[in-house]
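Look for subunit A in each of the two complexes below; its partner is subunit B in the first and subunit C in the second.
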Partner chain A sequence: MKTMLSKVAFILSLAVLWETVRIAGGYSELLLPGLLSVASSFWAERAELLKNALFSLRIIGTGLSTAVALAMLLTLLCMNGRLFPGVITDIMAIMHPLPGIAILPVAILWFGIGVKSVLFVIVFSAVWPLANHFYTGFRSIPRNQLEIGRNLGLSGLKLALSVMLPASFPHILGGLRSGWARAWQASVAAELVFGAAGGQGGLGWYLYKKRFMMETPGVFAGMLVIIAIGLVVEYLIFTTVENLTVRKWKVVAD
Partner chain B sequence: MEPLIKVTGLTKIYGTSGQTVAGIKDVNFDVMEGELVSVIGRSGCGKTTLLRCIAGFEKYDGGEIFLDGKRVCSPGPDRFMVFQGLDQLFPWLTVRGNVIFAMKTVHKGMTPKELRERAGYYLELVGLSGWADCYPYQLSGGMKQRAFLARALSVNPRVLLMDEPFGSLDAFGRRAMQELLLKLWEKTGVTIVFVTHDIDECIKLSDRILVFASGSLKAILANPLPRPRQCEDAGYRNFFAEVSRMIGEEAGAGEEPVREPAVRLKWADATLR
Partner chain C sequence: MRRKKIFRAMSLLLVLLLLSSAGFILSGCGDRVQAGSTGKAQDSSGGEVIRVAKQFGLVYAPLMVAEKKEFFSKYGLKVEWVTLGSGGAVREAMASGKLDAAFMGIPPFLIGWDKGLPAKIAAGYTVSPVQLVTYDQNIKGIKDFRPEHKIALPSPGSVQHILLAMALEKELGDPKALDDNLVALPHPDGTQAMLAKKDVVAHFTTPPYLFEELAQPGYRVVLDGFEAFGGEFNFNVLLVTKDYHDRHPAGYAAFIMGLNDAMNWLNEHKMEAAELLAPEFKIEKEKLYRYLTSEGLNFTTAPYGLLGFAEFMKKAGYISKVPRDLSEIAWENVLAVVGKREGEPCQLEKMQLPR
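For the complex of A and B:
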């Protein structure tokens, strides 16, 4: 309750700061809109915003789950082969620092302008941090736990699912967190750069349109929706999962 | 009577080409069903390697290990390990959950009710009934040891392999665990191979003592003392001195494992493959 109150107080003081700066500086609505006009723009366009947000979430969901599956596959190959670990860690070292958006020109050439390109960029952005976290997690499993699993007669996929996965769960959760953030960044960035095809798009596309029309309050409303979704996922999903798993097992520091 | 475990000419070499280090060389012994055998020696003498070979975690370079006449080549629940270290329970399962996971994996087809009852039985056996629903982080070192034993016994192994299991406990905890182990051994009749570097521990627990030094089996001593054994018993000091002398004779060699010439590796390869 106390933490909740302090969070609300923090957000309120941010809002006060915003309005003070705007009024004191005498900025135009085009540069820094007032909170009221942002709010009224949000209310007026709520259906549109909701549609775009759902579109973004759907495409991120698809991209992120594809990336998770790919990262798992890469990690399992790394764990089981002799050749793979070297090759795959080299590829990860090369690809990880490359921003997902930098692959967009190639994606447009290969897949054209549209959902497929955005998906490709999302998968590309999320898969490397995911694989990196998964691989670190799998390698940091206590040897005793792995050997107890083998002693019970488990091996291969069964060992991976029933022992390695839960044993590396703190790292897996960390990977999902950064994969999710990367996926958002990629989807918004991709749509901002080239818009969307066929009148369908996500929140990035919304920001793009509003900027194009110089409707600055709408741009801010779109950004606030992105922030709000980020907060909801962080506090409702990730924190809940964390409380039910790694914090309950005390395998991470509080 | 056929021995339960038969180890013949067991050799395990560590190291890369050129420089080789013998983990253990040409080890021969038998363990009878229901026996409690200790393996003692200085650190680096190969006693843990021997245990890991029997468990199937290490590939060996020479000789053979048989359990019930069948050659051992991979890990299996018929030889269950209790490792060193306190991180052997799965932290995402409760104590009961850990025992049930083990039984469920090994004995397929038990109903949830049966699993729960059996787990409860083994937890009661080790005195952990009140802690069944705790997570591993809530247990003390001694309780974790009890949980390892409950899980190990629950899969009903032919032999229990224990690698300096009580090394991390204080003197009181260790004595309590030794008494518990003897009680469980008498109750279940399970065969135990117990690695330790504590002479008192191996004398109190075991029927026979395998003395290791520098990777070879130096002596097999039959324990002449009747159970239960106390330090004040007649003959205890003499036997202690004998075991100690067998281990101590190698004192000059120190903690260093023996370095073998590369020829040895070739010989071992030729014999075994």
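For the complex of A and C:
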């Protein structure tokens, strides 16, 4: 309750600061819109915002789950084999610093203009940090824990599920967090570059449209929705999962 | 516990500091604009300077001519060309005082004007064909587009988008009927997609992209911009910000004069212009000459159809108000050209109105 209150107070003080800066600076609505006009733009466009947000979430969900599966596959290849670890870690080292949006031109050439290209960019953006975290997680499992597991007669899937997974879960969770963030960045950036194909567009396309109609309050409303979704996912999903798993297992310190 | 409190207070302080510095950056921009338009607008020799957004395409030939033939420096004006990615960025740069002048279609300008963009029309800038092209033999008119047919045009709110909406309203009664079919693509990318017959079936575009597409067998025009509009209109208009117009009358006048000189020279010397500009456009001079002399293209600074889009755009919800008269959207040199006849409006006044 107290933390809730302090969060609300923090957001309120931000709002006050925003309005103070705007009024003191005498900015026009084109440069820095007032909170009220952002709120009214949000309310007037709520149906479209919801539609676009759902579209974004769907495409990010698809992209992220594909990326997680791919990252798992890469990690497993890394863990079981002699040749693979070197090659795959090299590939990761090459690909990881490459921003997902940089491959958009190639994506458009291969997949055309539309959802497929955006999906490709999302998967590409998310898969490297995911794989990196997973691999680090599996490698950093303490040897004695594995030995204890083996001594208890665990092997194969059982060993993986009851020893390796919990031990590396903090890293996996970290990977999911950065994968999620990169997926969002990729989807919004891709839609800002070439718009969207047809009526199917996410929040990036919403920002793009509002920008071209010079509706700055609408641009801010779109950004606030993206922030709100980020907060909800962080506090409701990631924190809950964290509390139910690694904190409960005492893998990480409180 | 106490340490936690201190930590929390410190982080709050840090956030406040960051935010206020963001505020300073914003206000710093404002200061620089002021300084820029007074200090920077005169170069070391005391001549005027104007910052203009540069774009690409055949309609920018007069500007290239003006540079090559030194039509601006003749009047003591130095032009700083600024290259920006899109029309949206041009408008934003004008709003934040980073640009003094830009060329833009009438509809995107009206959207900016509606939202308080401090700029007005300083001249018309060319009249150019703009047409919707398709290669799909089943599409005979705009009512033949199906939901899976994608149409490329430069951006939402562009002149192409509004023309399409105008035609849709006339034929189907719904200006937004094809909004879900639109793909926002810059002209060159749209042409590439059209020639590859990939992703899009139609492209709303202008010369030289228009000519390149129509030169292919089976590519034809579905919708003509002039027909959709019901007359001729400036493809672009020259916008000058209020700040520059008010503070630099000499620079303003010099830019208009240089532009007039360039248009006139181009019209008088198309062959020479083709030779001069062929390396810039990276095409053969014969081809460029054909483009420059093609049907419907008019290099002019006269105002055409300035008020013609506003009423439709308001009705369709793209803008919230309509200019009461030309003086709300154009500077005095344009108003003087159009004139104000007592009684019935004159020919030039009628040309600015919707039909």
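Structure notes:
What we mean here is this: the second predicted complex is superposed on the first by the 240 of 254 C-alpha atoms of A that agree within 3 Å, B and C clash if a C-alpha of one lies under 4 Å from a C-alpha of the other, contacts with A are read in each partner's own complex, and residues count from 1 in each chain.
FYI, a contact is a pair of C-beta atoms (placed from the backbone, for glycine too) under 8 Å apart; a residue touches a chain by one contact, two chains touch by 3 or more.
Predicted model only: the values in this text are computed from it and were never measured.
Of the two partner chains, subunit C is the only one touched by A:E29; subunit B is not. Looking at the shared chain after the overlay, A:T89 reaches neither subunit B nor subunit C. Once the two complexes are overlaid on the shared chain, A:K248 sits against subunit B while remaining clear of subunit C.
Taking subunit B and subunit C in turn and counting the residues of subunit A each one touches, the greater count comes from C. When the shared chain is aligned, subunit C comes close enough to touch A:R211, but subunit B does not. By the document's definition of touching, neither partner reaches A:S40: not subunit B, not subunit C. On subunit A, the patch touched by subunit B and the patch touched by subunit C do not overlap at any residue.
Only residues 55, 57, 75-77, 79-81, 83, 85, 87-88, 90-92, 101-102, 105-106, 135-137, 155 of subunit B touch subunit A when the two sit together in their complex. Of all residues in subunit A, only 6, 10, 14, 17, 21, 25, 27-32, 112-114, 194-199, 208-209, 211-216 touch subunit C in the complex they form.
Per the touch definition, subunit A reaches subunit B in the complex via residues 142, 144-145, 147-148, 150-154, 162-163, 166-167, 169, 245, 248-251.
Residues 8, 12, 16, 19-20, 23, 26-27, 30, 87-88, 91-92, 95-96, 108, 111-112, 114-117, 147, 150, 155-158, 179-185, 189, 193, 198-200, 318 of subunit C touch subunit A in their complex.
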